[in-house]
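In order of appearance the chains are A, B, C, D, E and F, and numbering begins at 1 in each one.
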Amino acid sequence: MQSEQPVSRFGEVELADLPEDLRERLTPIAEKTGFLPNIFRALGRRPAELRAFLDYHDALMNSDDGLSKAERELVVVATSGANRCPYCVVAHGAILRIRAKDPRIADHVALDPHGCALEPRQRAIVDLALALCREPERFGEPHLRAARAAGLTDDEIWDVGSITALFAASNRLAHLCALRPNDEFYSLGR
Amino acid sequence: MQSEQPVSRFGEVELADLPEDLRERLTPIAEKTGFLPNIFRALGRRPAELRAFLDYHDALMNSDDGLSKAERELVVVATSGANRCPYCVVAHGAILRIRAKDPRIADHVALDPHGCALEPRQRAIVDLALALCREPERFGEPHLRAARAAGLTDDEIWDVGSITALFAASNRLAHLCALRPNDEFYSLGR
Amino acid sequence: MQSEQPVSRFGEVELADLPEDLRERLTPIAEKTGFLPNIFRALGRRPAELRAFLDYHDALMNSDDGLSKAERELVVVATSGANRCPYCVVAHGAILRIRAKDPRIADHVALDPHGCALEPRQRAIVDLALALCREPERFGEPHLRAARAAGLTDDEIWDVGSITALFAASNRLAHLCALRPNDEFYSLGR
Amino acid sequence: MQSEQPVSRFGEVELADLPEDLRERLTPIAEKTGFLPNIFRALGRRPAELRAFLDYHDALMNSDDGLSKAERELVVVATSGANRCPYCVVAHGAILRIRAKDPRIADHVALDPHGCALEPRQRAIVDLALALCREPERFGEPHLRAARAAGLTDDEIWDVGSITALFAASNRLAHLCALRPNDEFYSLGR
Amino acid sequence: MQSEQPVSRFGEVELADLPEDLRERLTPIAEKTGFLPNIFRALGRRPAELRAFLDYHDALMNSDDGLSKAERELVVVATSGANRCPYCVVAHGAILRIRAKDPRIADHVALDPHGCALEPRQRAIVDLALALCREPERFGEPHLRAARAAGLTDDEIWDVGSITALFAASNRLAHLCALRPNDEFYSLGR
Amino acid sequence: MQSEQPVSRFGEVELADLPEDLRERLTPIAEKTGFLPNIFRALGRRPAELRAFLDYHDALMNSDDGLSKAERELVVVATSGANRCPYCVVAHGAILRIRAKDPRIADHVALDPHGCALEPRQRAIVDLALALCREPERFGEPHLRAARAAGLTDDEIWDVGSITALFAASNRLAHLCALRPNDEFYSLGR
């Protein structure tokens, strides 16, 4: 593998150089995780965009209402795997392993989201995400019916759809930047 | 066409029923445009997500630095056309017609983004957006080289990429909701 | 948008320069519509092909037996939208708006033929056309069964299939020529 | 293989039962070939469509101006192979074998149109046809430049494009009908 | 068609120049068939690989247990047709014509594997092969259920899957080499 | 993730129950690795096929002539990633990590084979493999030219192509069986 890849094609901003509100917001994350995830250093180039991204992310990912946090990460990893986004798979794969307490699930969901063996509720969640992920113009009533038949509520369906949408954006930003995953993510939760 | 389509599969929230900050933010838009675009009524179901969406949108679309506003709408219409998203094409097609002062451009860009006749700088912008739009995993150095050869700066490239990413999300939200365009959009700017 | 696009990459023939039989045949169309649709000026380069094209078109499009004229245009717009053909969408979109007495239907059918909200008979017609349109080798008995279950007769199925086939040709001719829609079409029926 | 396949899903018309003008036109073909190709028996269900189809076909296929007749059949077989249309490949494969005086060319062109070994002018013709065949919305200036660089004139390019367009229609009609090739075609010219 | 194509892009080895064990193994084949199939001359470049290929082939293709030999060739021709592999289609098409005692089946299965008219058991076999052939990551329980519903045993399903897998390899080797079919294959069994 | 997945949909054979020659051949592998890779237990259902598979594998993978062993594993992981085959990615990803002495390379190559950052020779090898992997009918002279321009010899090109072909088969066998990776593979070499 090519050594010395930069964090991002467009350069990065260190925590100390971010505006104060972002510094205050990200410092606890960096302290808790032990490092600042590279996505924040890359998006730091545009503080207003980073703020909006963080707000959108937090509105969708930091809740246990309806979808559990592990299920939310499952949507992220399935979507990011379908979009072959290394940053999001490596970073959120680590979080999924931790939240699902399963060292193997992320590798399977990222690589083989359509076929991997999941519990029925997990499979319904992943199928719904995949229906919207790559060919959103084919999304329609049959997907909603299948999700409802599996017991998903409308709020849960909205969550799956919105997380898929947010990571459609996130995966494209990471591919745009050729964003490098932090080394620490690869082995977390294994 | 089926009559009486709802605004969204998941219901809508009227301006008067939104939290105060969103009401204050959206009222001038509704007054200036003459109506409240349906995307805000649909996303109003989740105020925190609507706020983040508006922030992200405004950070990228309300600037004339580098990309002109018409060029920003060009990216939106090309992306939304490639994703066959009727709401975003109808709504932003109207804005593009107005900003580009061209009654025909939106129909061509939405329907035939790869082939339509554009000025060289416009073509470079659209090609860059399309490279990231449907198969982001194929995005790479050749696309960046072509964009730079056409005179785009790194800040302009970032804008094209980020707008493409934001509307990757927006198009999916609209398909999720089967979002209905406001009737007024269809004829604006023609 | 690039200004001053030619009618066709291969030049065009004016009404006055066509062979007499074609002039007599097309003059009433030009008088009734107010202009001569550019497809005739482009195909006029080859009078024998233009004659055959007109004959095939008239045999399929000028009838109310079985499929209504609006339903026939629905097939054209869905097919031409799937093939991203601006000329056929702009020209036949105008005719569809007029025949269906609906200013919005063409934009939806062209852009989102698989997903747009249609009455059940319209949906069955469009689904049948789409099944044959892009991957004709996948067309088969399930599509025929669905069409029959929706009440389509064999003559109607033949019409949908033949119109789809004729515009498979027409869309390719328009893409070959980079055929420019007449300016008048864009706003007709809106 | 399933025995006793009908000529067409929609029935067929025998030569004796066609309108007089079509009978007079097709009888010499049947006498010269030794049988009436099934496409005519299937389209005979709609005499006006059959007439237009024959006129279009004859305007494009019965000429040696520019493209040779073998080159015209080469376009048909490449297109019909890309569209996996058994009737057109079996019938026009036979004609190609005869006109190109080559017993093997049709099998290669039909099965592997992108890769089969052809003389440079043949390869340019086939590449041009394939560019328009399956994804006509991707057709553009680079394809025209390559064709011209290989020495094709604009009239020859038009012919390749128009034949590709006509057989886009023809292949769809054959898939619609599940049209059965006449037994005689399989071994002609081998 | 380009004349004088070589047997393989990477050269070929004649029977007399192969190691003794391969010479003894292939001589009876060459004598019975009347010629040495070119695949053996191309793979002869690497005797160890040719040996393994022959062993795998013989383990799967020379048995009448469960699947008949004609059914095994049906899988090969459907797979090789889907992969547009001229060598395997021409060579195994000949064997299929002979084993199925049907001069037309191979042309249909190779060109139109999804749509061609087959007996129900044949159709189930071909559908199973196609499910694994081009997008193996989409293979799953529904395909197994359909195969079992058509009466296929697990041993027969394994055979269909393994033959599809072996010819996924074989088709790629032939495309790698641009492997030329022996002239004799084209007309065998017609 | 669904717990208690079987090794294979079609059952497995333990080392002790294999024919003697296979037992003798696989015992040293099991002893050296610490476990018997599940592919052997699944293919053990058909000893003759397992023997041929092992022979083909050993002929291609156990050599340092031309391609290094790490480069051979690179081809396997890129191919298996493109085919989204969890077994082959997890098992050969472990071997690649060990042979390339790089804990991160396998995750990148499997997930993003087209885009991941590689040294020029590695990139040429992976591009060649990908050209043959999913759409072998598009493989041709341009891919060979690019490989040669990067310094690959014909023997190295053959190796890349043959390994890609062998794992086209192997990936399909693993998807057919829903083959479960041994737990030990996930963390090897990290």
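As a working rule, contacts are C-beta pairs under 8 Å (C-beta built on N, C-alpha and C of every residue); 3 or more make two chains touch, one makes a residue touch a chain.
Because the structure is predicted, anything quoted here is derived from the model rather than measured.
Asks: Which chains are in contact with both subunit B and subunit D?
Replies: C, F
Asks: Is the contact between subunit B and subunit C built from the same residue numbers on each copy (over half shared) or from different ones (under half shared)?
Replies: Counting which numbers both chains contribute, over half are shared, so the two copies meet through the same residues.
Asks: Nearest 5 degrees, what's the C-alpha rotation angle taking subunit C to subunit D?
Replies: Fitting subunit C to subunit D on C-alpha positions yields an angle of 180 degrees.
Asks: Centroid from C-alpha atoms only, then distance subunit A to subunit C, rounded to Å. What do you get?
Replies: 43
Asks: Using mean C-alpha positions as chain centres, tell me how far subunit C is from subunit F in Å, no decimals.
Replies: The separation of the two C-alpha centroids amounts to 50 Å.
Asks: With chain centres taken as the means of their Cα atoms, state the distance from subunit A to subunit B in Å.
Replies: 23
Asks: Quick one: which residues in subunit C touch 2 or more of the other chains?
Replies: 84-85, 112, 114-115, 137, 139, 175, 178
Asks: Chains as vertices, touching pairs as edges: which of line, ring, star, complete or other describes this one?
Replies: If you draw each chain as a dot and join those that touch, the picture is no line, ring, star or complete graph.
Asks: Would you mind writing out the residues of subunit E in touch with subunit F in their complex?
Replies: For this pair, the touching residues of subunit E are 9-10, 45-46, 48-49, 51-53, 55-56, 59-60, 83-85, 132-133, 136-137, 139, 144, 154, 158, 161-162, 164-166, 168-173, 175-176.
Asks: Can you list the subunit E residues touching subunit D in their complex?
Replies: Checking each residue of subunit E against subunit D gives 1-2, 5, 81, 84-86, 89-90, 100, 102-105, 107-112, 114-119, 122, 175, 178, 181, 183, 186-187, 190.
Asks: Touching subunit F in the complex: which residues of subunit B?
Replies: For this pair, the touching residues of subunit B are 137-140.
Asks: Which bits of subunit F are touching subunit B when the two form their complex?
Replies: Touch residues, subunit F against subunit B: 112, 114-115.
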